[in-house]
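Each of the next two complexes has subunit A plus one other chain: subunit B in the first, subunit C in the second.
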Partner chain A sequence: MKILVPVKQAALVEDDFELRDDGRDVDPDFVDLQLNEWDDYSLEAALQLKEANDGIEVVAVTVGDDDTEDALRTCLAKGADRAIRIWDDVIADADPLVIARVLAAVAQREAPDLVLAGTQSSDLGFSATGVAMAAFMGWPHAAVVVALDYAPGAATAIVERELEGGLRERLEVDCPAVLTIQLGINTPRYASLRGIKQARSIPIEELSPDELGLEDQDIGEQARGSRVREMYLPDKGQAEMIEGTPAEQAARIAAIVKEVMGG
Partner chain B sequence: MAQGILVIAEQRRGVMSPVTQELIGAARAVKADIGGSLSVAIIAGDPKALADSVKLDGVDEVLLLPVEANEFQPDLHVAAALQAVEERDPALVLMSHSVDGWGYGAALAVRAAAGFATDVFAIQVDDGEVVAVRGAYGERAHAKIEFPGRERVVLALRPSAFTAAEGATDCSVTTLAVPDTAVRSRHLEFIDPPSEGGVDIPAAEFILSIGRGVGEEENVEEFAELADQVGAVLGCSRPIADAGWLPKARQVGYSGKTASSCRLYLALGISGSVQHLAGMKHIENIIAVNSDANAGIFNVARYGVVGDMFEVGQELRQHFD
Partner chain C sequence: MPEVSPDMAALVRRVVERRDAYAAAGLIAGNCTATTGKLLGIALPDRATRLIFAGLPFSPEGLLEELGGRADAAIRRRLARNPATPPGVLVRLLRERPEPGLNPLLAANPRMPANMLADLLSDGQEATARAVAGHPQAPAELLAGLAESGGPAVLRILAARRGLTPDLLGRLWLHGDRHVRAELLRAEACPGQLLMAAAHAPFPLWRRRVASHPAAPEGACQRLLHDPDATVRAAVAESPLTPVSRLYPLLLDPSGRVRRALARRRDIPPSWLDSLARQPGNWLRRWVARNPRCPRQMLEQLAYDPAADVRRAVSRNPASSAFLLARLAADPEAWVRAGAAGRDDLYPSVLQRLADDPAVDVVSAVAANPSTPGPTLLALARHRDRDVRRAVALNPRVPVAVLDSLVEDPYPLNRFVVARCDALSATALEALTGDPEPRIRFLAWKRLAELAASR
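On to the complex of A and B.
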């Protein structure tokens, strides 16, 4: 059986940054890339299923340009069996619905038994891609999963979703399904040196949307659910900044504590 | 042409969620610019029982969509919402960017072929066109989102960002039949959070909270001692609880506790994610210590310290016995 894990190479914006010339995103010069935090957990969930059962193949997939290959290398180093990268310049600045449409086409080709996506991306935080992907595939889905009980080949999985305030919901989901995995479901492993070395020799399959049978109407401008008109820096809050040495700053904090709390 | 606004109410365990009132408030604020009427859809086992709670100022019509599940179920939710969309043809659909919202919003947008944005905290209408505002990169930038070519837009609104609608109104109530739908997941039970073990974040008046800036588990102890010394209850952000460095009962935020009684909140090494802010941004006195001068937490803090939480923490201990 096969588990498909969509992963995103997420953008970590540096402390001081500037916007791109067109004003619609952060200038890539001020961005470091890192595997989306949530995807560490979904990959780990897939790897744990693989280790507990015979014959499970874990396939990591990303929709991204050359710079996103590292995300897949990380997945391979941790134990994913295969990695797929899809790209075409028309996808640049795509919205989650287009990404989901591409991922759905990959799933159609790979025919996995389970898709484990992340609950959200740490950079843009849409919390949309996994569920949109399920909708394009016509699959059942459950979002914000913090516990997963699934035996390969079973008709259903028992999962727990984490709701507001720490409340949980236990539910049964028909499989195959798309689950979006939440932080804390497991403790993600680090890649071993051996794994990192081995991962270098595993080829990454590169595909274009065209090769997946996608056409311009599926992924072009008109397929987007939204478009960024403009990005801007939010107004600074009203915070009064406490300057000085750590000792001076601490003295002021202590004074505020005593003033507000009394004593 | 699509016209008017459809709000999809959120309920759980037979109680209308407070965010529903905010959705209605947001709808009312843009109603005149959008044009048309404002309908509120209730999708539930017994929607009628909840109808009165949404008859608020600005609402023209309550739509009851009975489904065969008392608790949230994505297939039924999408089917019911689509039915309401089909019958009322709204230009704007407002729903909650909540855990249940994440469980169906994107699927609804796909199925309705609508424009879609999530975590929206402001809505503008420019020349009749909807523009949504959301955060990006941990709130360090904001983005205006447009929906070219879309006749209909679904927006998932951030909880606590819009002013709740008030004032009862009398309006019509219509029941719509939800088409037969394959239900592919089943709610089994709710599991309440484990007992607090003596930790009571909602009751605490002074909280010292640590985030990922603490670095390592062995560093947690020195901040537990600091909290003790200054007379604060120790709180934390989610990664600290997820790692098991502190119990879940100390986690402040959307999936943790709300610091309801807090008068002073000292945030050390916490970036200020939306979900952490959900539990503390209402507090009058927030002091944030962060090494990153652009950290989002400074946007809600009353006092800010750009610095190292370890250095500041150690100095702070000199002022308390």
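On to the complex of A and C.
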């Protein structure tokens, strides 16, 4: 049995940052990269299944340039069996639909029994990649999964999804399926130093979209469903701490309302 | 494993080979003066790394001085904010007359020399005025000027300063609002006349400040003992200046808060504690049980209290006997057992038994206990829970061999704690030089360089 775990090297933006010259992203000099927090949990879910059952292979996959290799090394250090990285300059600044299409092509090649993705990425937060991947593959999916009961080889998995208002939904999903995993489903492990050292010598399979049978029309500009026009910091609002007696506070509020309304 | 004896030249050679920015910065921080230029080149290879070091509070001065010469606005901002930036670099940034947004950051930096603050203040920005008002070395004449001309935010910051002079206090009292004046009532320099007047003020906050003031006039305290506001009476009960004999009326105070404040006093007579222990409220009994003046017999009764928090308080009371602690170490509540497990006067056999407790809180307390024997600590250093392992690292009597065994802990925070331990061997420091976490590598190289420099 095989579990595919799509992961992302997410950007952590520092407090004091500048934007790229084209104004469509943060200047990479001001960004720290690390494995997306949600992917820590999806990988852990896969590793726990592997540890509880014989014969499960966990394959981590990412779409990204050389810098994203660290995310895969982290997965290998924690216990993933293999890692695959897909890249081509055409995919730079790709939207979640294109990423999902690439990941779906990887899944087609790897033929996993289960795909465990993070619910969202901590930097862009579209919450779209896993779900779109399922759509491209024609597989069932469940999003925001907070509990998973799955026996390897079973035709279905029982999952619990987190809903608004503290509600949970228990769902039976036909397998193979794509599940997007929510934070808190487990306690992700830290890689041992030995694991980190060993992971450095494990080869990472590098593939191009071409090798996955993807053409420019699948991943190029025209395949994108959205394009970033601009990234900017909105103007800061104003705040004032109003002190004094209730009458003084009321008078100050009235003055502010008059000032704002121009009356 | 033979002990490593670090040699500076060899350390430098290895860092040059590795091209590790954090290792190079560590050597610079560890007083490595040889080939500093080469090390700086390794530590600051690109803009992203320069930006990181410009903002890190542990960056070595030599590196920050090098960064001070860079014509990069983002680096200047980070240097201006960084509390480790040397005064010379801050002055240089100011003299270069950079973008106005830098001035408030420079003025807020505690290492900005006091004689430069007037220059900064002349920019007329409110943000700079606020920063100068809070600067720990700001000269008295600047502060006096700010007290006359500053807005409400500036006055509030000035009022919160420690060591206010009578002159500044007087100016702030004159210009400040009710909240500024409340701050001033905390000041050591606050005159007794003002405190006496404030004891009659209609604002409970002012009266509370008076009640807590170490120089509160006798008459004010007497009056506040009967204050209608419970927080004021609690402040009187807490004040070490109030003779305990005067607090008797508070023993039956309608407010639990006041009685709790009374129960915390270390000079309270045992008969009062007895009275408080009989009153309803777990919270109150908890403070009675924590009080070192609590008589032994009362502690023994409280050790059977139905509330776990009360039993926990008994376990932490220094007056509790080892015999009583042994009983609490078998309590059904893990939180109570954890209280006992933290006691260094526990019977060794009880401590040993608690080391195998299923609750992590209990085992963590054993791991942090200075009386826990070395072999037990060695076993706990391999515990499945990372907090237990960290407690071992933080144990003040942890044997070096146990500490050394933690350098391969999978949890980065634990390795960081270990890397900071003075007792760590050079061999263990050597093992940390290749750590995946940059801050840990920095520390390991720094400490090895310090060892080499001291040879």
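Throughout what follows, the second predicted complex is superposed on the first by the 238 of 263 C-alpha atoms of A that agree within 3 Å, B and C clash if a C-alpha of one lies under 4 Å from a C-alpha of the other, contacts with A are read in each partner's own complex, and residues count from 1 in each chain.
The rule we apply is simple: a contact is a pair of C-beta atoms (placed from the backbone, for glycine too) under 8 Å apart; a residue touches a chain by one contact, two chains touch by 3 or more.
In this text, all values refer to a predicted model and were calculated from it rather than measured experimentally.
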Superposition on subunit A - do subunit B and subunit C clash or fit: fit
Contacts of A:Ala155 with subunit B and subunit C, given as first, second, both or neither: neither
Which of subunit B and subunit C A:Leu124 touches, first, second, both or neither: first
First (subunit B), second (subunit C), both or neither touched by A:Met261: first
Which superposed partner A:Gly225 touches (first subunit B, second subunit C, both, neither): first
Partner chain in contact with A:Phe30 - subunit B first, subunit C second, else both or neither: second
If touched residues of subunit A are counted for subunit B and for subunit C, the larger one: B
Touching partner for A:Asp16 - first (subunit B), second (subunit C), both, neither: both
Partner chain(s) touched by A:Glu240 [first = subunit B, second = subunit C, both, neither]: first
Touching partner for A:Ala111 - first (subunit B), second (subunit C), both, neither: neither
Minimum distance between Cα atoms of subunit B and subunit C in the superposition (Å): 6
Residues of subunit A contacting subunit B in one complex and subunit C in the other: 16
Residue numbers on subunit A that touch subunit C, as the complex places them: 14, 16, 18, 28-30, 189-196, 243-244
Touch list for subunit B against partner subunit A, complex: 12, 71-72, 74-75, 78, 97-100, 102-107, 109-111, 114-119, 131-132, 135-150, 184-193, 205-206, 230-231, 238-239, 241-243, 248, 251, 254-258, 263-264, 266, 274, 285, 287-289, 292-294, 298-308, 311-312, 314-316, 318-320
Subunit C - residues contacting subunit A, complex: 46-48, 51, 55, 74, 77-78, 81, 177-179, 386, 408, 410-412, 435-436
Contacting residues of subunit A [partner subunit B, same complex]: 11, 13, 15-17, 19, 26, 95-97, 100, 119, 122-132, 134-136, 140-144, 158, 160-174, 177, 180, 183-184, 187, 221-222, 224-234, 236-242, 246-247, 249-254, 256-257, 260-261, 263
